[in-house]
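Below, each structure is written out as structure tokens.
Next come two complexes, and both contain subunit A; in the first it sits with subunit B, in the second with subunit C.
Let's look at the complex of A and B:
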């Protein structure tokens, strides 16, 4: 059985200065270790601290080569970077799993997913979700769950996710209750999430009959907690959002109402 | 009795409008696998609050999962790629339209082959994955439109039929 010569191609990523994509091909045997080491040294000298190792064309990986990758990863982590794998086929992935390497290395399906992860974790780039829905109250519970699940999936803790869920519930309920009725006038929910905070923006068409009362409700003197009347069962929504969030702004005009909430991650 | 309670509720909360069909809910999310579990659950819950059965909702969830996974895997080229899922809900059916920025020429060719059916409505034998085949089995209609700029749009129609013969073979 003949071995295929290992080839390495280093690619830089425009717009992601700290990232290098290393396309490996052929067999990564014990004789390849020195070249792997030299390659990562060259990457380090260019100031790249996050290496995406593309294994799409790799047919074999020896334990010696894997050990070298572990050493390189350790050096990159010391510089606040990482070494991740992408493009492994099922067979290769199973072998790495058997060697216990999947507990050490993060493995992504493709380069784009690995790059997204870099942008999220290292560059802390925000991601945006947008939902437009008709003003039906029954749609709000699935919506609040959607945002809460996304927050949890993105690493937010249970307490943060629950608070985010409550905020979404309150502002969407308000948009349905006080907005213009009619399935054609959709409510827009935008969520911008990054590892440190979440920003929620809900916009709806204003109901002309309610603009004046809503504007009065939003006056600072009416929004204080101690002004709430104990015998009145409703009208605590915005106060609750204020308590749960770090920033709340409401804009109410004849054209539409926009509620913006910012919540900083606590856990 | 239930009707009186319903009327009372409407008096207290006049904004508790009954859902009237058809209506549409659009979701736009980043082309990242992380978002798919939350989106599929959202569609399932949306169907259940629209009085579709949990079985219908679960099977629709599978469709959403498949088409979203395909869109992320084959329809996103740039890092900031977004996917748009339009859920058009009628009283007798749901229609999904998923739009992405379109993949490479090879991806588009594979997608076209996977969707292609012959004159008898039978699917051509291919070596592709089972994703779209599952979607076809769970739906009444599956169309793909690829525009001049390679923007891809997959349209799926699934009808409400509680006693329908589910998971029938496609040929």
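Let's look at the complex of A and C:
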């Protein structure tokens, strides 16, 4: 069986200065170790501390080559970086698993996912979501679940994710119910999730008569309004949002009403 | 795209005018009318002692909580009760924040709720 010569192509990522994507191809065997080492030295000299090793075109990896990757990873981690793999096919992944490497290396399905992880964990860049939706209540449940799932995926705990789901649900329901009668204007939901907090902004064209009562509810003296009346079926949403969040504000302009919430991560 | 909620109804052995209702899914603004109709019909038919099993109720929002308070009030007015059992901690927190734990009869499990039925 003939071996395929190993090739390495190094790619820089605009906007992510610390990252290098290393596209490997061919067979990564013991004879490749020296070149792998030289390649990572060159990457290190350019100040790159986070290496995404793209394995899409790799047909074979030996234990010697894997050992070299471990050594390179150790050096990158010492510089607060990492070496991660992407694009492994099932056969390669199974092999790495048998070699115990999946417990050491982080493996991503593709380069984009690996890059997103870098931006989140190393650069601590927030995840931004923006959705415009028509004013129908039935659209709110999938939206609230989407935001909650993303928060959970980003490492927020079960309790925080549930609270985030509740906040999104209550604000969006308010926006639908308190929208200008007869208006088909879209409601804008913007969410910024970062590792420490989540910010939610819901903007709609509100009924002017309802805006006054909405802002009045935010006054401290009205904090407990109606929340304990068992005969009242509605009107507790804003109270709930206030209790679950760290900051709540309402802004009314000629472009609509914007309800903003900040929720600090607790878990 | 409405939230999914299922209600199942069972008799409670040895108890008159009583039903166990199992809530399965999410209770929110998209399905309260459905739940309201089913439970109010039951109360109007004379089934005024109700135990709500929340073991599989994943989510409730302020609107959902509003109708739970309504069921409790209506059942009491007709000489019965609306008891809740097996509530998950996230749902309990919502009820607690609204200050409704004193208005609703909440029990750890079905045995406790059933034993409390008169």
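Assume the second predicted complex is superposed on the first by the 218 of 267 C-alpha atoms of A that agree within 3 Å, B and C clash if a C-alpha of one lies under 4 Å from a C-alpha of the other, contacts with A are read in each partner's own complex, and residues count from 1 in each chain.
Assume contacts are C-beta pairs under 8 Å (C-beta built on N, C-alpha and C of every residue); 3 or more make two chains touch, one makes a residue touch a chain.
Treat the numbers as computed from the prediction; the structure is a model and nothing was measured.
A.B. asks: I'd like to know which partner A:165 touches here: subunit B for first, subunit C for second, both or neither.
C.D. replies: A:165 sits against subunit C, while subunit B stays out of touch.
A.B. asks: In the overlaid three-chain picture, which partner chain does A:113 touch, first (subunit B) or second (subunit C), both, or neither?
C.D. replies: first
A.B. asks: Using the superposition on chain A described above, determine whether A:253 touches subunit B (first), subunit C (second), both, or neither.
C.D. replies: In the superposition, A:253 touches no partner, neither subunit B nor subunit C.
A.B. asks: Based on the superposed arrangement, let me know which partner A:243 touches: subunit B (first), subunit C (second), both, or neither?
C.D. replies: The second partner, subunit C, only.
A.B. asks: Looking at A:146 after the superposition, I want to know if it touches subunit B, subunit C, both of them or none. Which is it: first, second, both, neither?
C.D. replies: Touch status of A:146: first partner only.
A.B. asks: Tell me which partner A:138 touches in the superposition: subunit B (first), subunit C (second), both or neither.
C.D. replies: A:138: touches subunit B and subunit C.
A.B. asks: A:3 in the overlay: touching subunit B, subunit C, both, or neither? Say first, second, both or neither.
C.D. replies: Touch partners of A:3: none, neither subunit B nor subunit C.
A.B. asks: Which subunit A residues come up in both lists, the one for subunit B and the one for subunit C?
C.D. replies: 137-139, 141-142, 177
A.B. asks: Using the touch definition up top, name the residues of subunit C that touch subunit A in the complex.
C.D. replies: Against subunit A, the touching part of subunit C is residues 1-3, 26, 28-30, 59, 61-63, 65-67, 69-70, 72-73, 89-90, 93-94, 97-100, 103.
A.B. asks: Which residues of subunit A touch subunit C in the complex?
C.D. replies: Listed in rising order, the residues of subunit A that touch subunit C are 137-142, 158-159, 162, 165-166, 169-170, 173, 177, 224, 227-228, 230-237, 239-240, 243-244.
A.B. asks: For subunit B, which residues are in contact with subunit A within the complex?
C.D. replies: Within the complex, subunit B touches subunit A at residues 13, 15-17, 19-20, 23-35, 37-39, 41-42, 45-46, 49-50, 73, 76-77, 79, 82.
A.B. asks: Where on subunit A is subunit B touching in the complex?
C.D. replies: Going by the criterion above, the answer is residues 15, 109-110, 112-113, 115-116, 119, 127-139, 141-143, 145-146, 149-150, 153-154, 176-177, 181, 183.
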